[in-house]
């Protein structure tokens, strides 16, 4: 599972706080943005509306991040996502944040495949074969 | 229409930016928060799910804010909302932000009453009588 | 002043709300992002640290936005900024949001040139010549 | 260390996403809000400006959260913070999120005491005696 997906973004003013650095909550936004960008890159979407009115999605099970060095306004942040584990019902990603050679933060995001039927609670399901194939093809592409 | 609804909140760290003051986007969050708090205070909700599966809501038509003086971390912000105009299909609010005697910002929020039917575009509707009564009672309470 | 600056962005999941569309507060983030992107494109920055320890910046005087049609998850939003007016101490921008041919929103952002000396209140100043030249060159480039 | 600090908040519309539930990034905002509320409750602040121009603060080392059940618009969320560990240079908090009897999420936040001197990188320092006393008094109050 060596393949990685990456995106670059400029740190925005709104993302800074009065300490003059990126507020830590933004890293969780970017983890999700990288996950969704990755899914799109393999032809999937995190909100897949089916013909029966239900939706297949990947709600978060947990997310953690370790902050190693601060990032600042207008710096170029490289966000690199790698699949850490594909379970029957879950996908776990590792996400690395860097500015040039400097490691900024390191996060882990665990998501569970769920089916949403309007008006009912989420139900955790096995990841559909069509998803698995696309994700696994990606992982073996390297 | 003299009656006002108000709420107080402590400025949070996440709401500041690298200039050491509240980032301007937060004022729009607070305008909406005051609007929804006001609606709850008269027994209404901004997302009213009806038995037929549709929802009555009040999407924003426009929102503007003028920034008069900066607000800082841990200051106590007083947010005061007043109804400026009730139209057939819209409600316009004026919202004043102050820290003690100091005027911080002044905003206007115009919302339109709409009905949401799943899978269809919003449809603008006349504000239901039951809503009007509660809002008007409030306005005349003063 | 016909020249425009534009950027494209994918609507993120975090930017949606329970009505299934982009939450209105995001448009103010994107107005600022377009402003800062424009300033960078002409070799300026919104937070210019001078040798004397002070900073030249452009705090917001006011921001308004009119919401015309909803934008949804994974749509491609085109944000187009145009300078509406350059005053002695202020710059006013108009920002248009569109998804393909569909107009989504239209905003106005007025900023004032200010000097920040640590520990002192902001002071509004005339826009420095070096800034004016770069902005005006841009406007006449068309 | 049994003492806990708690706060209640109404889930706001802006905090929901298109899945109709609270977006997970908000839990990290609330963890920090609870931490800062706790510090204020014992007479401390997370941004303590000293006479020598430096600031004592507590930047985040890491933050993680496990999401157990969804929270929805206008639900009353109870956020309960407890100190898990006080180190020489760090404080670790556990934060529990609940709606009534229903457990919603469980987070951990590790912060490091740092001194900020303008223009220099942060420096990790031992937690000052005056801070330790107030925090420990609180923990033993139970």
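Read from first to last, the chains carry the letters A, B, C and D; within each, the first residue is number 1.
Here is the rule we go by: a contact is a pair of C-beta atoms (placed from the backbone, for glycine too) under 8 Å apart; a residue touches a chain by one contact, two chains touch by 3 or more.
Keep in mind it's a predicted model, so treat the numbers as computed, not measured.
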### Message
If you average the CA coordinates per chain, which chain's centre is most distant from that of chain D?
### Response
C
### Query
Just going by residue numbers, which of A-D, B-C or B-D has an interface where over half the contact pairs are the same as at A-C?
B-D
### Rounded Å distance between chain B and chain C, as computed from the means of their C-alpha atoms
24
### Query
If you average the Cα atoms of chain B and of chain D to get two centres, how far apart are those centres in Å?
28
### Query
Between chain C and chain D, what is the gap in Å from one C-alpha centre to the other?
33
## Note on the structure
Each of the following residues of chain B touches two or more other chains, namely 13-14, 18, 25, 29, 32, 47, 73
### Residue ranges of chain C in contact with chain B within the complex
18-19, 24-25, 28-29, 32, 47, 57, 59-67, 70, 116, 122
### Contact set on chain B toward chain D in their complex
10, 12-14, 29, 32-33, 36-37, 40, 45-47, 73-74
### Message
Please output the residues of chain B touching chain A within their complex, sorted ascending.
### Response
13-14, 16-18, 20-21, 23, 25, 73, 118
